[in-house]
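Note that the chains are named A, B, C, D, E, F and G in the order they appear, and that numbering of residues resets to 1 at the start of each chain.
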Amino acid sequence: MKQQKELKNIKNTKNVIFYGLIGVLAAVTLASLIIIIGYILVNGMTHINFEFLTQDPKRMGKEGGIFSVIIGTLMVTSVGILIATPIGIAAAIYFTEYSKGGKGVYLIRFFTEILAGIPSIIFGLFGFAFFVIFMGMGWSVLSGGLTLAIMVLPTLIRATEESLKTVPMSYREGSLSLGATKWQTIVRVILPCCRPGILTGLILGIGRAIGETAAVMLTVGGSLRLPTSVFDSTRTMAVHLYVLAAEGLSMEKTYATAALLIFIVLLINTSANLISNKLGGNNGNEI
Amino acid sequence: MVARPQMDHEMSIITNDLLEMTRLVEEAIRLAIKSLTEKDSDLARNIINNDEDIDDLEDAIKDKCLKFLATQQPLAGDLRYMISIMQMVRDLERIGDHCEDIAKYTLRFENEAYMKELIDIPRMAEMAAKMVKNAIDAFVNRDLRLARKVWKADEEVDELFRNIYDELMGMVDQDASKANQSVMFLFIAAHLERIADYATNICEETVFTMEGNYEME
Amino acid sequence: METKFEIEKLNLYYGTFQALKEIDMSIYGNKITALIGPSGCGKSTFLRTLNRMNDLIQGVKIDGLIKFDNQDIYGKDYDLIELRKKVGMVFQKPNPFPKTIYENIVYGPKIHGEKNKSTLDHIVERTLKEVALWEEVKDRLHKPALGLSGGQQQRLCIARCLAVEPEVILMDEPTSALDPVATSKIEGLLEELAVKYTIVIVTHNMQQAGRVSDYTSFFLNGKVIETDKTEVIFSNPANKKTEDYITGRFG
Amino acid sequence: MKTYEKIIEKLILICAVTATISVALITLFIFKSGLPVLADYGVFNFIFGTTWSPTNGSYGIFPLIAGTLSVTLGALVIGIPTGIACAVFLAEILPKRWAKAFKSAIELLAGIPSVVYGFFGLVVLVPAIRNFVLPIYKIFHPDASATGFSILAGAVILAIMILPTIVSISENSIAAVPREYKEASLALGANKMETIVRILIPAAKSGILSSIILGMGRAIGETMAVLLITGNMAKVPNGILDPVATLTGTIAMEMGYASPTHQQALFAVGIILFIIIMLLNIFAQLSMRGMGGSTR
Amino acid sequence: GAKDQGADTGETPPAEQVTGTVVTAGSTSVQPLSEELAAAFMDGNSGITVEVQGGGSGQGIKAIQEKIADFGALSRGVKDEEKASVTKEFVIAKDGVAVVVNPESTVQDLSIEQIKKIYTGEIKNWKEVGGEDAPIVVVSREEGSGTRGAFTEITKVAGKNEAGEEVDNTTKDALVQGSTGAVMQTVATTPHTIGYVSLGSLSDTVKAVTVEGVAPSSETVLSGEYKISRPFLYVVGGELSEAAQMYIDFVLSAEGQAIVEESGFISVL
Amino acid sequence: MVARPQMDHEMSIITNDLLEMTRLVEEAIRLAIKSLTEKDSDLARNIINNDEDIDDLEDAIKDKCLKFLATQQPLAGDLRYMISIMQMVRDLERIGDHCEDIAKYTLRFENEAYMKELIDIPRMAEMAAKMVKNAIDAFVNRDLRLARKVWKADEEVDELFRNIYDELMGMVDQDASKANQSVMFLFIAAHLERIADYATNICEETVFTMEGNYEME
Amino acid sequence: METKFEIEKLNLYYGTFQALKEIDMSIYGNKITALIGPSGCGKSTFLRTLNRMNDLIQGVKIDGLIKFDNQDIYGKDYDLIELRKKVGMVFQKPNPFPKTIYENIVYGPKIHGEKNKSTLDHIVERTLKEVALWEEVKDRLHKPALGLSGGQQQRLCIARCLAVEPEVILMDEPTSALDPVATSKIEGLLEELAVKYTIVIVTHNMQQAGRVSDYTSFFLNGKVIETDKTEVIFSNPANKKTEDYITGRFG
């Protein structure tokens, strides 16, 4: 009995320490989040105004707004995502639905994993050497988009694959047993189930693309011009932010750009959450 | 929506078979007595032959019940119903045997005139036949009151049997030459009494099916 | 009695493991055939050879003959899609697609080229009535199928299967995920379906095999030990192993 | 019918090998540019040389490797316990409603561009370390001096950056532990803590491990944030308040201004980085497969 | 020339108007100036687009080699190994390199010798150069930086060794920052620091010390009193396009050089 | 490992009950005839009283069988075994009833001397008793050969009965005063014949249990 | 006969939904009590009130009295951990921890402070023998438990539960995920366990309830309709609803 009591006391102490530690660490995480985002937003929001959003940068961004940069960001990101999405989804489909195992597939998969781990600076070097120079695309939205596409490909593949894997085998069997072909099954049953998963992957990809600096700087260039086609050079917000910060051109604009960037990321995340919640009702994972 | 169409369907087939068998048996009782009273040997021979039908029907019903038990695995009321039927058809079959026996007596006395007019025996036969029919009806319709009535009716049959016994034994005492016929009539009456007994057994089964025990009162 | 499937000397290997051994069997039209046997004896494997769902699995090797309506379904020219249309399948766990009830049912017909809206409507109504689900769902045809209860879902899957007008329906433990009430509804349905369709059902539930099927096959270690009328198998099987299995003396 | 299915299959196969082709091209281009230096300078000298001074023709990247590893290690030391604690907190302790909000907030951290982290580190964290951490550090090492540009700064920022990865993957895998395990443990009379420590975390270990490895990959590969706050001193560090230079930081910083040979040397650094990442990936895959057997 | 699709953008040009795109790429120190110049140039020549890219001096060289830019912008001299790919170089401006210290520092002036000793690690404490008793925190630019190149060369931090090879002796204990802004930020916020930045970017968050008694300014650099300066170059790899020629002409014109001065750099006129 | 301990256990309990009932019934036959031959009224009364035990045992066995069917849901051989037992105990119970009837005759002739020494009837009783015992043994031991032997033995009993009938009717013809006793003995013999019939029915059940049909040859 | 649990006027609410209504029931020691009833009738809910596993679910409200060994388990001072030790639980799906067989069994004892290696060894051997698994696994005690077959896993879970020496074992459909052979092994086991333990088992399988239990309770819509000896429930239930349910007339 006494022993029991002792045991209980030990357990109580352990409990207190355990929960205390977890609570503190979680609080620290949350605090760092709030501090970082808060710091940037507080310092930056006041400088975001209509002009900042609608004017082109002047004097390297020391003055004026970041309109052309916003457009540039949109273009580069869109090109990257538009190229990566179909390829990524198709690749994921290949891995989960078509591949029959074996060394070859294992290798392909392995390299895809490798791709995910390659640092962005190396993508930048590669993009510069390959797209900008070797393919003769110059610094352009297209070069950057293609580089970003390769960069976000593993993210997309992985997310899509994960959600493809959660589609119960029984759906495939159900469809095939009704006389559907494999492709019909994929298009009509499996992919619709994966919409939230693919969307999540897409959002992650967009996030990565928007936030990317090193790779973009080397491939899109740093022109402050408003791009009129995908062959033009431009600058993304992340690059702009980097240049502003690095050259110490204007603290004000630096904070404002950072705040806007965070704001956009926030917006994308929230809308993604909303959309996936909505699609979620249609998701097969629930049974 | 009926959740057990197959089960109900098979049960009703078996019930119908049971009714059919009852009809055959009831008829056998009546015809047996008819052959006796009217000294109709052909009829008697018919009955003896037809007993096989009853036997076959018994086997068929039991087989169906067995298969029903094996495949449908009934419980509670359904289970008791099936068990009762299996017991009943055995009784019905035995009633059939008794009729066959009665018919055999007819044949044995084919060429002899009866020592007396038959009154009580046909009455008794009629009563027994009715009892069998009612017993089965009570079962099939789950009519406890009717079952109890039939069960009670057995007392009358017993009474009647005792009367017949006394009367016949009295006749033997008076005239030993009538002994043979008397004994025969006695046996026939005993058969009928037995048939009535079976009817009461059937009533007991009804009570069992419906209440789960054999308490008649 | 029409023979729908005629199986002769069927052997099936998963890699080097032989899952089916020298199976000979006939499956009769408009009858319900139940396959019973201990776990891993090859029931599902056998069932899935009948509509070639085993093709999906790597390393499956088959020899022997399976004739469906007198044609060798593993023959070179045999149209797999056509086979799967004619030989539908219902699975252990109800697996309606995460679409609406309506979309689930018209999925098959649409795949096979049916586009006419009123024909599709008609198919939906007909099949749902066939599975006795019409009254329950007619007001929510365009609601998600996953909102149905398990038993309703399974009936929907059957309806979905009926929508492509199969001749045979294969069912792999179709009620093992359902509660008794839902189960008995499905069982009731089976008998009605057998009027129009040929049904082959795998079941672990001996009582179920007894209740619903006309014929029962007992599988053991990849072999068919005994096939007979169900009532015979359950009341008086010819083979000692069958009897031991159904009376639970096994193992 | 059959033919169009075949064509689709081929198309999809092509998409599937895109990633592989990319890796091949990347490898090709990087090796093409970097190999000459490696060959001339000698792999051993390159990797184990302690002087990084391209202008002077010294290409020893050992300090850079040490810098990368120390920062990464620091980030993991901070990030792993915090991340797992956070994951446990989210999955098991916080009520569902709150957990969802918390989790999407943390995922937000993942979306913040790394420049922002670097910038934040530069203006907030580095001075903070100098002003608050150094005095404490001085208690133990009285003659220490530091500017704040340090392994610690890099580690903290990287830790924050990899937290979302660790938290969200770990949380998912903890949440994916079948409820039955938890119930079984509780039904045996274990309390919640025991259940978490002895059942949930071990059962989720493969997910947690992969989150760590992914986080590590991100930490090693991270460029811009580290660049601004570690001081970029190509010297093997002695303590956590020492500045270091990292592989990626050096490439990013110097590539722009480098002369052709210097550029080649940087590509060679890229090769080493590439190989490190490869090894890490192989290790990750192996360890995950090793673990795969013991979980469902 | 790199790109000429710019020809068909905008309204139809007058018959004699030259159209085209001029790309400059390279040093980020030169980039702000290039932006200004380009903007002013384009105001007067609506048919020509001047695209200003950063990337760094090295990238500038690479860009002209690969013919993706017309001009490579350099904030340092052309290296020997680069000479081969450069056909022509234009000095478009000069930039002083200011030596800066943390605003709290009491040091006002340093000699070139002192600077050299500080940067080679010989002098480690401020008190050795008349300041407070505190270790000196040296902040340098990265290897290859134009600013660093000019700074180390002039202060003799770098020089030929016995073997006659060019050697950069910057102390290994220096913090290295990758850009002007980062150096300023570091020096501004970290006590006891010393760094060097482009004069054009100098702001009052840091304190610029006088070198050998001369304060850094356009005038002192121009007059040669202030010793630490470097040229901003435009280099060309091949033949100039008509548009490029017009642009470089503009840059070197008085009008262009006025803009250079406005931007805080030193005119070469 | 036995997969069905409960089931086997319950089956053996029921089998034991059946054996016990058989023992009681067998004893009842022997004692009934003993009371008759030895004119032992007390014994007769005992038998009549003890019949209730048999009745109770029948109810108990049937109840156990019912519960066994309901809870264990036996199939195939097990199912047939149970069904057979339910049929058998009914027969055994009826055999008991017949014994009771015989005992009642003993009482009726308590104060009368028998007109002749009883030889054939005890022999017949002994045969019937043996048949019952053997029939059940055959069933319990699944001994088809024994079952068939018992079934065949019925012919002997029938033969014996015919002899007794002829002998007794002959005596009545000769001496009408013996009619009463003769008829009684006849009835007793008929009862015994019936008992033997039941034994053959039991044998049929054995065949059914083991083979699934009622084909005796 | 000893009464282990005495339940009086138990009501349970999930939020506003009342899942259990005025349950009165006694559970007897060393007996097997089966709970049957259609899906959603509250069997599992009831079972989980007995070791307070419902405490885990948010928004559960309980009133009424549950006495275990004459103590109110929802009383203020009642030691929850002690209750769960004494009232073990086995779940529908075999859920061994992803550890070794040995580790699975000693988990409970270790939690409760047992450290002695030889005592633990002894517990492992004893419990594995109790569940008739010892012979099958004694050579692979330190292999992962998930390598066992479903039936073995479930027996392991029972052993794991026995290792903390419970008095009562609650089982929620413990064989519904198993095949008939594994099921009958578990059923065989139950009867042996009932000698030492009190068992409450939820089952959808009426036959199983019939075969193994001493008492059966029929639940419907959160109420207990009838509790009686199993044989009575199955051969002659007092309540019409019970009869309708067990004969499949329901619904």
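Please note the rule applied: contacts are C-beta pairs under 8 Å (C-beta built on N, C-alpha and C of every residue); 3 or more make two chains touch, one makes a residue touch a chain.
What you are looking at is a predicted structure, and each value in this text was computed from that prediction instead of being measured.
Each step here moves to a touching chain, and the least such steps from chain A to chain F number 2.
The interface with the greater number of C-beta contacts, when A-D is set against D-E, is A-D.
Among the other chains, E has the CA centre that is most remote from the centre of chain G.
Most remote chain with respect to chain C, judged by CA-atom centres, is E.
Inter-chain centre distance (chain A to chain C, centres taken as mean C-alpha positions): 45 Å. If each chain is reduced to the centroid of its CA atoms, chain A and chain B end up 89 Å from each other. Taking each chain's centre as the mean of its C-alpha atoms, chain C lies 80 Å from chain E. Centre-to-centre spacing of chain A and chain G amounts to 48 Å, using the average Cα coordinate of each chain. Residue numbers of chain B whose C-beta contacts span two or more other chains: 1, 3-4, 7, 66, 69-70, 73, 75-76, 79-80. Within chain G, contacts with two or more other chains are made by residues 112, 181, 184-185, 206-207, 210, 234-235, 248, 250-251. Residue positions of chain E with contacts to 2 or more other chains are 28, 54-55, 178, 182, 185. Those residues of chain B that touch chain C in the complex are listed here as 1-7, 66-67, 69-73.
Of all the residues in chain D, the ones that touch chain A in their complex are 1, 4-5, 8-9, 11-13, 15-20, 22-26, 29-30, 33, 81-83, 85-86, 88-90, 93-94, 102, 104-120, 122, 124, 160, 163, 167, 191, 193, 197, 217, 220-224, 228, 248, 251-252, 255, 267, 270, 273-274, 277-278, 280-281, 284-285.
Within the complex formed with chain G, the residues of chain B that make contact are 1, 3-4, 7, 73-80, 211-213.
Chain contact summary for the complex, chain A toward chain C: residues 100-101, 168, 170-181, 184, 188-189, 192-193, 281-284, 286-287. Residues 59, 65-66, 69-70, 73, 75-76, 79-80, 83, 86-87, 90, 169, 172-173, 175-177, 179-180, 182-183, 186-187, 190, 214 of chain B are the ones touching chain F in the complex.
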